[in-house]
Amino acid sequence: MIVVMQQGATPDQVRAVVERLQNSGFQVHISRGVERTIIGIIGDRTRLEDTALEAMPGVEKVMPVLQPYKLASRAFHPEDSVIMVGDLAIGGETVHVMAGPCAVESREQLLEAARQVKAAGATILRGGAYKPRTSPYSFQGLEEKGLQLLAEAREVTGLKVVTEVMDARTLPLVAEYADILQIGARNMQNFFLLREVGRLDKPVLLKRGLSCTIEEWLMAAEYIMSMGNQRVILCERGIRTFETYTRNTLDLSAVPVVKHFSHLPVVVDPSHGTGKWQFVPTMARAAVAAGADGLLIEVHPNPAEALCDGPQSLTPENFARMMKELRRVARAVNRRLAGEDTDV
Amino acid sequence: MIVVMQQGATPDQVRAVVERLQNSGFQVHISRGVERTIIGIIGDRTRLEDTALEAMPGVEKVMPVLQPYKLASRAFHPEDSVIMVGDLAIGGETVHVMAGPCAVESREQLLEAARQVKAAGATILRGGAYKPRTSPYSFQGLEEKGLQLLAEAREVTGLKVVTEVMDARTLPLVAEYADILQIGARNMQNFFLLREVGRLDKPVLLKRGLSCTIEEWLMAAEYIMSMGNQRVILCERGIRTFETYTRNTLDLSAVPVVKHFSHLPVVVDPSHGTGKWQFVPTMARAAVAAGADGLLIEVHPNPAEALCDGPQSLTPENFARMMKELRRVARAVNRRLAGEDTDV
Amino acid sequence: MIVVMQQGATPDQVRAVVERLQNSGFQVHISRGVERTIIGIIGDRTRLEDTALEAMPGVEKVMPVLQPYKLASRAFHPEDSVIMVGDLAIGGETVHVMAGPCAVESREQLLEAARQVKAAGATILRGGAYKPRTSPYSFQGLEEKGLQLLAEAREVTGLKVVTEVMDARTLPLVAEYADILQIGARNMQNFFLLREVGRLDKPVLLKRGLSCTIEEWLMAAEYIMSMGNQRVILCERGIRTFETYTRNTLDLSAVPVVKHFSHLPVVVDPSHGTGKWQFVPTMARAAVAAGADGLLIEVHPNPAEALCDGPQSLTPENFARMMKELRRVARAVNRRLAGEDTDV
Amino acid sequence: MIVVMQQGATPDQVRAVVERLQNSGFQVHISRGVERTIIGIIGDRTRLEDTALEAMPGVEKVMPVLQPYKLASRAFHPEDSVIMVGDLAIGGETVHVMAGPCAVESREQLLEAARQVKAAGATILRGGAYKPRTSPYSFQGLEEKGLQLLAEAREVTGLKVVTEVMDARTLPLVAEYADILQIGARNMQNFFLLREVGRLDKPVLLKRGLSCTIEEWLMAAEYIMSMGNQRVILCERGIRTFETYTRNTLDLSAVPVVKHFSHLPVVVDPSHGTGKWQFVPTMARAAVAAGADGLLIEVHPNPAEALCDGPQSLTPENFARMMKELRRVARAVNRRLAGEDTDV
């Protein structure tokens, strides 16, 4: 941290800041410039969070120099983390595709979707049993019935299951059924929920909040990890900008940036990222080229009948075609798609 | 709603859309233009949410024409709503100031702050017992102990209490102590929590999410109201933009816009909106001039010792000075500050 | 400036950075922390702009500590600047209202508008002769004919004239007619144009770019001032955000922030800021309460016939009513509206 | 266009809107719904731009239904446009890489960079002779001398030259030297300049403005095309968002979106898009996978000595390595990099 004193700060004001820091166990370096005095702080940044230095007399601003996350940082854990989901390794050479409907709507819909995405090479089934909807009048999910259907689809197809948990009270139930617990974008800073999933021994798919910086996203991962659960998979799903031709702006540069600052795997959701099925295969290819460790794709047997997110859902045919294309891109960047050996 | 068909959509595709709409009980109007066919839909928009029209063959896009909220809309309830908090009326002629520390830190700190803001004219005490913090290593609040201290401060000063509820599980406890339940910006789309507070008979202060549109904010209010609780007070607290000289960008135009589309009262939080105490009194004046029904202001007996948000907290002296200025502005726009009669 | 070295940077890399800086005439302070080495740079920041320190081996990032503008900064010029436009003082106790149509459309329209805004208390006439329009098929302004009409309206009413200059080639012509040269939001970083107006001895109204930070805005002012012209008036006119209920998001906190960092006067344009006439009077009041030195308001004798920006133009009646309200708010914050003494 | 009348609009108000439209030569369709009357307008949207319908009594809002651009739209020109730059075809099967330094600094620097990027497979040399810089104190370019050096580098290497034109007055000079005229992001809505380049018969590289929507970008292309010059190449270079770990947010979804709505070729600039050389090769790969027709890449013989944008410039070695990777990705999406046959 750097404390920048105001122009004209008095020696007493500088001294007060230095004393407070030293009393808190930090070392300081003072630089007296032509215009300003600057105080460098040496010590553990996480311990500094609560000292209200910026409100002290004579202080202009306090600037962090280092990233505030630790467990999630690459400095702390230089090797890429590989998260095991059963026998699937997320974050290694293989790119995993998580696919399925936005919402679990019925047994027929889910099983059909599961068989089709499995056939095309997906290894993990996605599907919401609890749905966060902007309108209270929209379909809110089948809840426990939806979870049971997901378990049945897993039984039938062998796919792993990723599904969203929206609230700490339903967490035990969701955790019973899910192989990966999904934290949705709107809950990325639901700190109670983050701590609760941090107490479990289960992989967590942490979606980036709609207007959250990469730093805040890694701090949300840090919440989970600080409780003991290190199995966090990050998911870029588009951020909110002024652009209106897409539902969100998919920030693919988040993939290399996260890999620079963190060791955690990162997957990409081009369905929410674009909001239009027409753009999903292209952005899925781009995501793999950008180094994504996996994809989250909405597929519905009949998008025009979907109760949720029809416009961004691929048909099974379009999904299968996309998977073929992805295999070629994966190989071009020295990765492989799960199921590739048998399928091409 | 308007359905815009693609250029070159076939008559069969148009017919399929029309049939689906008619089967769902809607009336339709078809306009065949030079370039496109457009289908107008007449009926209850809330029932349309779940039909995936945009994924039907030949459809280019579906455009909503009306606002999606009902109970929160001025069309539904043309008069301004006045929310009673005990004997205080929020949304009427009187502007109420809710003031106090970011977090409850100790008995001394809270009681001192409460007495000081009361003396200066505040009618409601703010203070967090549960704190949503970006870092898991920051002070997270005194929890139930903090609630008890708030109750004691109410006892001593006669101020009402507004405090944040972060999770459905702690809601019963918080509801026991609070006069107004605050839903924080990060929880604005925590739909479980919205429904839970919607079941209570207690005023709710609903903060706008950091990147939420006014429409989404009113839809969040609709969640609460659709469960039965009509006592929603909206709070503008700044949105996230690219600007870095302020912590957030306080969107004061939200005040007249909300009042145009909704009947609910709206208050403004310039402390979070700017993030710097230096700018708080000015923006508080501007908020009152913009028609705000109240203000939420962070005040700390000693900001430089605050465990949370010191840089945006006013000292009691600055708060008292600001209140004097606010009285003049309130009168200039035909409002009055609570406590004005006795105090000037 | 602070140079943060990478974790694991070698002593040679640190030495290379230090040598480069010392060879360029800077003093340095080195802080060796537990995790990182940090190099503080003492000297004239403007001279450092062009050294590509961040690309040197071992450097993680370079962080500016001070603001990059000089002539525009309050540190350089502690007193408020008052810009004289003829006998009108912008930036003093008096709040000036610049009003008139978006575009000059005809002699009748302009003279009528001019008389009406003058009667209500405006001191400066606005009106575009050259119009930047998003579509090449929209009305682009009357050009020189429009300038002549503005001069005629000045003659008739005694109002000063502010009008936009869009290009360096038309600058001599526009400068011949205008009392204040307006640089539009889309030209805020047209550095050629900024330098050209910087060579003149004429007040400049510099609108903030749609997505420009306050720092970039003050740097644009610095461009003008560095060429010799110190008579810059800043104009906040709304920034681009995700919100869609307003045309832009009017950032009123820019007023106190600019006044904190700079000595230049700042006016507010609520017409472009909100894009809807319904919200203009309210936001004009808020702007005055926020400390604005003036307002820019679109007024049209018949908005429903306007060739440009009809939806955000006030009728003369609504403008007159607004001016009455503004007088009360101005007094409440110890300012006065021009023309107030005679008019109330 | 759709006109939405206010709830409670009178029959007279509806009639007035209908009459104005019919008098202007439009056909209308009226839908009377339960809550609102909606008027559909059939006719040429570009002619409607200037009627201030939204300011008429009883009108709530006017909603465009179709895109406002014509010449730039795919509806108008269904086939992909291929823009010839000498014998190079931009927009066809081949992906072209435009590479070179941010600014032309010296004969040695430029010729070395040109030879190196040519050797690695670039076909077009980039380099700024006029530089738009945020600070007036930064290096502003070698101007005409820079143009002459670019011509010399073209002579020596056979590369085509793309360079920025910042102002209409220097356009004739720049056009004399450049093979492609670049319009920078800050000038995307400099409508004077757009019209001027629209009068020439020379390819134009039109960068997307920092906060411009794709619709505004295509409207800027429309400005150029409406003057007669159809040879527009679009360039996505990152948009401004709240994220701070990258200089801008590269919006790669703009590539498929532009290709959906327009026939114009689109290239990507990951150097400005990310602002950090470490992320450039990855995002270049992703851009090619997303269907970009070319890339714009900053390469400097010695980034740590660059006068401009050193942190985002690749060394020639890193550039050559990136080109090898790009070839594999291009093939995986059925494209080829220029120079591929001889080079691999």
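When the chains are written out, they are named A, B, C and D in that same order, and each has its own residue count from 1.
Basically, a residue touches a chain if its C-beta (ideal position, glycine included) is under 8 Å from a C-beta of that chain, and two chains touch if they have at least 3 such contacts.
These figures come from a predicted structure and were not determined experimentally.
Trainee: So which chains are sitting against subunit C and subunit D at once?
Mentor: A, B
Trainee: Are the interface residues of subunit A and subunit D largely the same numbers on each copy, more than half shared, or largely different?
Mentor: same
Trainee: Averaged over CA atoms, how far is the centre of subunit A from the centre of subunit D? Could you give it in whole Å?
Mentor: Computed from C-alpha means, the inter-chain centre distance equals 31 Å.
Trainee: Could you please state the distance in Å, as a whole number, between where the Cα atoms of subunit B are centred and where those of subunit D are centred?
Mentor: 39
Trainee: Residues of subunit B that contact two or more other chains, please.
Mentor: 211, 240-242, 244
Trainee: So in the complex, which bits of subunit A are touching subunit D?
Mentor: 211, 213-215, 239, 241-246, 249-253, 255-257, 260-261, 273-274, 278-279, 282-283, 285-291, 325, 328-329, 331-333
Trainee: Along subunit A, where are the residues that touch subunit C in the complex?
Mentor: 2, 4, 7, 29, 31, 33-36, 38, 40, 42-43, 63, 65-66, 75, 240-242, 244
Trainee: In the complex formed with subunit B, which residues of subunit A make contact?
Mentor: 46-47, 49-50, 52-57, 68, 132-140, 166-169, 186-187, 189-193, 195, 210-211, 216, 219, 222-223, 226-227, 240, 277, 303-311, 313
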